[in-house]
Every structure is written in structure tokens, then in C-alpha cells.
Amino acid sequence: MQELLDNYAAVFLAGILGTLLVLTAILASRFLAPFSRSPGKSTPYECGMLPIGRVRTQMQVRYYLFAILFLIFDVEAVFIFPWVVTFVGVGQAAFYEMALFIGILFGGLVYAWKKGVLQWR
Amino acid sequence: MSPEEQQEAPIVPPPPGSVADLFAAVLPDVKFQAAQGALDVILTVDREDLRRVLRAAKDDPRLDFKYLRCLSGVDHMEAGVEVVYHLYSYTHKHNVTIKARLPQDDPRLPSATSIWRGADWHEREAAEMFGIFFEGHPNLVPLLLPEDMTDHHPLRKDSPLAEIEEWQAERAGLAAGEAGEAEE
Amino acid sequence: MEVEKAAATATPEAEAKAPAEVAVEAAPQVMPKRGVEIEAERLRPVQVEPGKALYRQVLPGVLQVPADLVIAAARKSSLWPMTFGLACCAIEMMATYMSHHDLDRFGIVPWASPRQADVMIVAGTVTKKMAPAVKLLYEQMPNPKWVISMGACATNGGPYTRYDRVLQGVDKIIPVDVYVPGCPPRPEALMDGLIALQNKIMEERKKIG
Amino acid sequence: MTVEQEQGLETLEINVNMGPQHPATHGVFRMVLTVDGERVVDLVPHIGYLHRGAEKLSENLDYRQAIGLQDRTEYLAAFNAELCYVMAVEKLAGLEVPERAQYIRVILAELNRITSHYMFMGAFATDIGVFGTAFTYGFREREYIQDLFEEVSGDRMMYAYFRPGGVAWDAPDNFKERVRWVCRQTRVGISDIDGLLTTNEVFVARTRGIGAISSQKAIDYGLSGPVLRACGLKVDLRREEPYSIYDRFDFDIPTGERGDSFDRYWVRLEEMRQSVRIVEQAVEQMPDSGPILPEKLPRRLRCPPGEVYMRAENPRGEYGIYLVSKGGDKPYRLKVRSPSYCNLMALKEMTVGHYVADAVVVLGSIDIVLGEVDR
């Protein structure tokens, strides 16, 4: 029970440090920088020119496909990280399970590739 | 230098067999005033038949001036505004300079963009710098000056140079000079 | 062809148009008559409010002096200039960034967007058509920000000062901290300007806040 | 303007403003791209953000003073611009340039072409995505050549060293050894960049077939220089209308096949090698001593009335000086025919239909210098 608690203590500590880092990153500039508001500062940056056109434009539908594909392989990477870290002590079976996991996702990628989603028509 | 000292260039007739004779052969009914410049032959044409001359210069196989080198405006004050076309042919490897002089009060000229696509910006620049109006130019909007500045023609001889203004940082009190120290 | 007729003028455009003429698609707009006076509004100097940092109000006086020192030392040793090359001085500025005259050792990293930049090095001639863009870029930079006017053109118009379309000095529209002389200034001169800016930051640490 | 989609979901077109302050526009060039998703549908270039009136000011400077403005107009290859302007004045005034001065001029002009192409290599590769590496290579090599320029003319970029009739003062005594050393160093630099980029698979994939233009269209638009030679035309002013002493050197003219961005890069790379060949031949043939200015050069040069359109082969294309003189010591009208200005007219023709990322590549491949575009 004790080492279980220790494990969770480590995770808990990592969580605190993570949020602390993020908070200082955000609040430090708010706290230290002499902030001054001006009309020009709030306009979106367009290489020095006043912005053209409207912000609310319907985007191309193809961007959605790229976003979904990225999401899938990003989540896959999240699952691979813990596996890689504990790879030595876990034993043979984990390797084949992960191979199967990656194989299925690779199948999805091949399907998307053949469908021509990766090409910007 | 004052206008009195300005002398006109002496008209030196071009050597026989030069481009001027080719032009005379191709367009017999157009009267050219030919002269030999430092490098190429210069033909001065009236404004009325300029378009036909340029069209023939490009399409006629004997002339074949497919390459518009440069199109520039020259302001001769009372003597009017002059538009100068420098043409070159890659096949015959010969050059020509075609000039058209416009009266100062009515600087109007048919556009050459339909003949050479490369004339587009040259004409827009000549238009905004000298106030020449090119008829038939698809988009005669100032190019080097801001788009909405249409009555200022800097390259004209009568538009003056700017005076040297006082340097900001020396003038006391203006924020620009002492921006470093934020006011207490 | 109808466009030609629309623009047919008094001159006897007599002969028939050659059919092979490329149809000119847009009608030539009649140019709106607008004068030079609209420039005045575009060239008005930028309003500058240096703004007050929170830690100055919260921290008691005795703690502010070391805080200022640390913050100013941090700011001066990581100046991020916005790549704002206008003309010939930009090539000399790039030569200064590159390995031969390396600026990375000062912690100076050229950055493309004004949002993360601290210094705006105005390298080149500021024309009146470019002035609104310079003002907007300066406003879009977060405080604290500094401006280095590199070269004679940015300081007072340089060799082009007598032309009426050139702004005689960028300090007519935005406040300038360091003027670097030269046309173009040598890389060593620009480095000297940046070091002068660093010293200026250290000297004025109490005021910037 | 909405764009119909196969699935019936119509999307609006976005106006992307690649404005005056942009890392990929090589200065203050602005183009408004109308973009349908990733594909460029329309492109409107805006120039004039660096219009400093060099032509208007030259009308109020005498012939020697206007040399400084020519350097600042074409600031990447100042020697070539000076050479073209100075030859125009010599043609008008009928001055004879002594031998040694001609050789010094050709050597410096060709070396300046190499520095300009180095700058192109760095900027073009950065546009493609080889961020920084090619820039550091290019600028390292430029420094070697700029050191030589500084020894000869006293300045790194704005030389004002050529004069109508020759050069201002004689080159230093170790000029020949220094030029030979710089040529050896340049050959190493060229092979570095060649090895880095030409066979780089990503570089070729990003530039082959992008921004292609046919040779008829190129001539119709008035393109010149490497952009025109990339379309397969063997056209070089140093060979067709040899000016100065270019007819004494043998060098060949590299041409591309398809006129796309890779060919333009490749033509400039080969041109650098040809320039080194020219410089090496020029150093061998150069007389060791001799006058550098004609004897009877008047203090205040007055040109007889007349006009001339002098053209020279600049790194970017045909750089022309149309000089009108009405007597007196000031030019009456000085028009600079800038190659980048003419090459930019075809930008829309080359870019529409490609992706947004390729618009940056096409603009980079034309290699514009804004001082010369806006004059």
C-alpha cells in the first residue's frame, strides 16, 4: 500500500509542478510587464496593414480531415509514451499488444492515404 | 540649370540600311522623324498613328519587336510630355527607340498593354509621375504613390523638392525625442 | 472593344480596331481626385503611454530596487528585434545577425512578428506610404519596447531627404531610443547601437516599470 | 465570391495579406492573395513602399554625385548598377576608358554578381524551409568578397568607386593575389551550397514545376536575366551586346529547360561559376600598371545634349539607364529600367493555381530587390 501511495505521490507532485510552471508563465508577464492598452495593439497583426475581410469565414472542409488525422496519431503517441517507459519490466505480451495497436492505426493511415485525403485536391 | 541653357540634341540622320528604313518600308504612309541616338535609332512619331506603329513593330515579321525593354516619360515643360518606347527583337537582334510627344495640356495616349503585357506597370508609373492618361489601360491606378493620391505628379519639372525640416530629436518637449524617459 | 469606345476621346481614333486586340476586361476607372492633405492624418505621431507594471504598485519600495535590477538585466540580455528591414540597411542588419558578426552572443534573436519583439530596428528609408504600417507595427509591439533608428535614412531621411514622398526621420511618427549613424552603418556600428540600448535600459530601469 | 464545392458546402475566399513587413517578401513588397483553402486564386501585388525618388533626385545632382544614388537603388549589386550608369555617361560624353580601369571594373562587377547570388541562395533556401543554414553559408562567403571590396573601394556595400571615364583611384598592389584567393574561396563556397541544395530531395520537390512560365509569355512580359534564361532562351547581354570588355572573355550561358523555380535557382548557381571563370581570366589579362582615368577629364563633367539607353546584365536581369541630357552638368532625365520591376509583373501569372506556400517560393525565385523595384 505504501509504495502505491509513493507512486501516486510522484504523479501528484508532477501535476503540481506542471500547473505551477504554466501559471508562472502566464501570470509573470501580467505581473511584471508595464501593460498599456492602445487601439492599434488590439487589431490583428496583418504584416503592418489593417486587416482585410471578415474573421467569420467558413473554412475549407479539407482542413477538418487534416485535423482529425493529426488527432488520431497524437492520441496514439500519448499511449506509446508510458509503454516505452515501462517497456523493460512489463514482459513479452505488452510488446505484441502495442504492435497490434500500432498496426490497426497504421491500417487506418493506409486507408486514408489511398482515399486521397492527404492530397490537397 | 535654367531653361535657356538647355539645348536640344542635334538631329543626326541614321546610317542607311538601319531600322529606320525597315520601318519606312513596313509603314510607308506614316511619316517618321528618324535620328541616330548614342546607341540606337530614334524614331519620333505622331500620337495619332502611334498605336499602328507599335502594333506593326510587334507583329510584322521583318521588325518582330517582341520585347518591350523600357517605357519612360520625359517632361519637356512647355514643349510637352514625351513617352519613349525602347524595343528589342530577339530574332533580328536589332533595337529601336520610338518616341511620341504629347502637348502639355492634353497628355493622352493609347495604351500599349494590349500589345505588350510588360507595358502595364511602366504605364501606370508614367501616368502617376507625369499625369499622362493611357486610354484603354485596364487598371490605371497609382502604383508607386498611395492609391488615392491622384493629383500629385512628383517627376514633373514644376513639382519642387521638399525642404529639409528640423530634426525632431533637437526640438525640446516633443515626446518623440525624449521617449526613453517616461514622464514622471 | 466596347471598352475602347467608352474611353474614346477627342483624338481621331479613326482606324478600325484590329480584331486580334486582346479584349481589355476592366473599364479604366476614372481616377478619383484626392489631394495630398489626407496624408497629414496618416503621419500623426503615435500616442505613447508607457503603462505601469503591477509589481511596482504591489511590492514595497525597498523591494523594488533589486526587482528593477533583475528585470532590467533580464530584459537587456534577451532583446528580440523585429525583422523590419526596409532597404539597404536591412542587408547590413542581416550581415550583423549572421555568423561573422554574430548577434546571438548578445541574446539577440531576430523575430518576425511584433507580438514577441522588444526592439524595432528601423533599417532603411521610411516613406510616407510605409508610415502607417510602421506606426501600426510599433503599436502592436508589447511594452516595454524600444526603437533603434538604423542608418541616415531612418534618422532624418538620409540621401533621399529632399524628396517629398520620404519621411524625414522615423522619429516623426514613433519615439526613437538610439540613433545609429551611417549609410549603411557597419555591423560594428549597429552592435555599438545595440550595446548603447542595453546601457540605456539599465540606466532607465527605475522609470520603465 | 463564394466557391461551389462538390459536396455543396460553399466556402468564402479569404484575402491573405502578405504585407510590407514579412520575412518572405525580401523587403517591403506587399501582395494580397485571394485564397480558396490552400490554393491561390488571385494575387494583387502592391509596390511603392520604398519609393524614394532616386530619379527625381538624380535630376538635381551632377553626374558624379548621382553615382551614390545608383548604389542605393540596386543595393545588392551596387558595382553593376554603377557600371551601367557610368557607361551611359561615358557614351554621352564620349569618354575613352583606359585598359586597367576596364579590367578592375569587370572584376568587381562579376564578384558583386556572386555576392548578390549568394544572398539569393540564402534567402531562397530560407523561403523553402532550409531555415538559416543556407543563409549562414551565403553570408560567410559574402564576407570574404566584401572584405576585398572594402580593401579596394573603402566600403562594404555603397562603393561609389566607379567614375565616368574609369575608377576613382587605383586598386591596391596586392589586388591580383587577393582576387585569386577570393576566387579559390568562392569555388569552395559554391560547391558547399551546391551540395546543400541541388540534390536535396525536399528542395527539388518544393521547387520543381513551381511557378513555371513559357518563353513566349516571358518575352511578352519583358522578363530578363536568370528568370528568362530559365525558360531555355540563351540570352545574355554580355554576349549579345558586349559592353565594356566582355567580348574578351569566354564563358558560357547556363539555361534551364522548364522555366520553373528550380531552373532559376540552377541558372544562378551556374552563373556564379561562370562569373568566377570571367574573374580568373580578367586577372590574368589585366595590365599591371597604367592610367585609370583619361588624361583630359574636366573637373565638372558636362555632357553634350543627347540621350542614351545603356543596358547591362545585372544579377537580376537587364538593368537599363535611360539618360537624357540637354547640355550642362546635370542629367535632364534619368530613368532606371529595373529588372526586378519587370520580372514582378509576371508574378501573378506564375503563382495563381499553386498553393500559398508556393507563392513564397515563386516570389523568392524571382529574386527581387525592393530598392530597385520602387527606385
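Order as written gives the chain letters A, B, C and D; numbering starts at 1 within each chain.
Basically, a residue touches a chain if its C-beta (ideal position, glycine included) is under 8 Å from a C-beta of that chain, and two chains touch if they have at least 3 such contacts.
The shown structure was predicted, so the numbers you read here are calculated from the model rather than taken from an experiment.
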Have a look at B-C versus A-D and report the one with more C-beta pairs in contact. B-C
Between subunit A and subunit D, what distance separates the C-alpha centroids? Give it in angstrom. 45
For the pair subunit B and subunit C, the C-alpha centroid-to-centroid distance in angstrom is 32
Using mean C-alpha positions as chain centres, tell me how far subunit A is from subunit B in Å, no decimals. 58
Averaging only over C-alpha atoms, locate the centres of subunit A and subunit C and give their separation in whole Å. 36
Subunit B: which residues touch two or more other chains? 142, 145-146, 154, 161
Which residues does subunit D have that touch at least 2 chains other than itself? 19-22, 48, 51, 53, 56-57, 60
Residues of subunit A that touch two or more other chains sit at 47-49
Chain pairs satisfying touch are A-C, A-D, B-C, B-D, C-D
If you look only at subunit D, which of its residues touch subunit C in the complex? 19-23, 27-28, 48-54, 56-57, 60, 68-69, 72, 75-76, 119, 135-136, 139-140, 142-143, 146, 156-158, 370-371
Touching residues on subunit A, where the partner in the complex is subunit C: 30-36, 38-41, 43, 45, 47-50
Once bound in the complex, which stretches of subunit D touch subunit A? 5, 7, 9-12, 14-15, 17-22, 30, 32, 36-39, 355
Which part of subunit D faces subunit B closely enough to touch in the complex? 47-48, 51, 53, 55-57, 60, 91-92, 217, 219-223, 233, 235, 240, 305-311, 318, 320, 322, 324, 326-330, 332-333, 335, 337, 341-342, 344-345, 374-375
Sites on subunit A touched by subunit D in the complex: 46-49, 51-54, 57-63, 120
